[in-house]
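Let me give you the structure first, and then I'll get to my questions.
Labels run A, B and C following the written order; every chain starts at residue 1.
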């Protein structure tokens, strides 16, 4: 399939698709980070994760509406506020869900999966009722439009760059939080040995709630970022949930670095193949590849061999 | 790599490392016919890992485990069981949703393939064997009871009973009296003495009084290596053992 | 089968469940519903096949597959391919640029039948494919996953990915599969028009019959040692492994059986509804199939049938009158069934209704001692003593009576 292209053409194709892949990568990372925290650290499968992301997207949409109507002079910076709001709203809903549902199901992972699927259906219908079935998009402030021309054939869209920066920033923040803060130590202690963590005075119920809320909050920020590169509909979240789960599982559920590396691999593979075949076939091949690797290495790419 | 021996179990040069950490390091020991070997040692010495290695739960990095001169390190778990090795877990591992009868029945060595299990019939032979074993483990009148409802000690006995159904040549018990009351301990010691005829047994235990009651030979593990080996008295008086394990 | 083995397979109480279900499906519903509604019930019943398979896989084996739609699709598409070929004879497709191939292939500029379509000219091959394809597929997936000890949520996620892959593939390769519209305009089976009322009646009864065949197979598995092994594995997998069993083989077996049930359901769907499409294969239908099973009660094969019927009937009536409420109801159902009544309808029945029913029957047969209310779990009683007890208790029912 490479035969009909010259070397330089191939190079710029790879570069171009690489840039497109980087944006997909950023979305994957943002979504997968929240999921990896919840699944990797708590062992909870949150099927409604996509809906938490969409919640962030709708919050961003509402904020942009409010700013363009009442505060047009501040419109260029609405996005910062929107992201903070998206985080708060999604995290608050997450805490509520943890309190009402998840905490009763901690030792029944398959049941959590079904219950959160139910939650995702309810949220989807709620969005449809409130915002309508049509997709909504936000208007980007001027500074996020346009693109940098790198070479003749490669250009970097500014919004894409911004999302990438965001993804990197949030990843770093999460890594610092998990591995450098006292709270991160507590979370990891609870994961390792719940009973012992409780015995040394860690409030495990509180740690669980904050962890779940944090994961959902990050999903909200992901949704906020998502509005900059695509429009939002009630079922947009569902489109990504399986891919994101594969990203997390592929990377090895408890490893943040693994999550990022696997998001990179999957997004690059998919977007590079997309140029040479139909989108659906490249997706099929990517998914098959991931499933195949998981069969060879069920514990994921980045897990240590541990003593049972 | 290693030659044939007359021992039931010959462990030679056994090593396993987890990311460079050697939980078991170049371990060599032999178990005789009808011998009761007790393994003791501080926490983290690698005692349970040794059992895991013998029964195939953990794969060895290096070394050999021969059971009646048959290499076990290459076999899968159920093949090791079929070769005649039985293992009891540290926490009682029984099927809570099934009755005591059904728990024992599953360990009866027949119908172990998929279609064998479909065709399995509960005939006289099975029923009488279950009754026989149930009486040995003091659960003769509990056969219809859901196993979840048994006491902790009874669960330990039930798992021992499941192993008796299996009738292994080498029986490995991981802390069989942990969490038992004094009375139950006494009963268990009797039970063990009655079931260890005609087979070799490896026991992991902390209770030195219990160890002295049953052991032929004691192996002391420390940091994945053998610290001392011999009779109970010899080991008890070994200064190294007193230092790292038995205390002062 | 001797009387003794028969009564071991169907203890009195469970026997009653089968008989009541048979009467409802084969007598009450056909007599009380018009053919349109009966055809709908037939459609719901095709999901019951999947739900019964899930009871074995998930309820008993603890293996939650979120990809049962794949098997449903394999069976459904196999049947649809056969019917489509019969509907695409050169005579009725002569206006196409290539007559004699299915219409959607012609629209996609295919000029000859793809090789893998050829064998589906044969009805015998099609039937064999409906049984064997899910076995082969289930076996491959099962070996790859269970031999490597992939289980629990990982298995669920991967099967879900498989459902996604198959859907994308079907939609993407529309020249070979009919794409997003699926295979429509299916007409005859060996010249017999499947769209007539009489055909719908016939297929309904075929469907009920096949469902009972599957129920009997499931009941046999439940009552065998394999059934108890599944329960044991769900609880303490390692203990089973170290009792000398190759655990993976049992999981593969039950996963394949669940797949075959689902495929038969899919084939019956195509026959009764007259089309097959990727919307019945993907992630959403696959996870809905799990809820049919959960609502019925994940440990009850009879409950699974009621679960499939009730949830689907509710879905139809909701969608007719309040379409926007349906997703709320469905979502609520998922949450409620997990949190409030994890054993589903069967659990509710056993807790609340069963004692009353038993008391009623005990009163009905007062001349006999009321043993039924305190009947010991029969599985444990040594079988030597069993015939004596059961002969006096079990009403004499000819075996054939439950088939119809």
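As a working rule, contacts are C-beta pairs under 8 Å (C-beta built on N, C-alpha and C of every residue); 3 or more make two chains touch, one makes a residue touch a chain.
This is a predicted model, so every value here is computed, not measured.
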Identifier of the chain whose CA centre is least distant from the whole-structure CA centre: C
Chain at maximum distance from subunit B, centres defined as averaged CA atoms: A
Separation of subunit B from subunit C, taking each centre as the mean of its C-alpha atoms, in whole Å: 43
Averaged-CA centre spacing for the pair subunit C and subunit A, given as whole angstrom: 35
Distance from subunit B to subunit A - Cα centre to Cα centre, in angstrom: 47
In subunit B, residues with contacts to at least two other chains: 57
Touching residues (chain side subunit C, partner subunit B) in the complex: 220-221, 224-226, 228-229, 231-232, 234-236, 238-247, 249-250, 253, 376-377, 379-384
Parts of subunit A lying in touch with subunit C, wherever the complex brings them together: 43, 45, 101, 104-105, 108-115, 117-125, 128-129, 238, 242, 245-246, 249, 278, 280-281, 283-284, 287-288, 290-291, 294-296, 298
Subunit A-touching residues of subunit C, taken from the complex the two chains share: 58, 64, 144-145, 148-150, 152-154, 156-158, 160-162, 164-165, 168-169, 171-172, 283, 287, 290-291, 294, 324, 327-328, 330-335, 337-339, 342
For the subunit B and subunit C complex, residues of the former touching the latter: 55, 57, 76-78, 81-82, 86-87, 89, 93-99, 101-103, 105-107, 109, 111-114, 117-120, 122, 124, 127, 143-144, 159, 162, 166
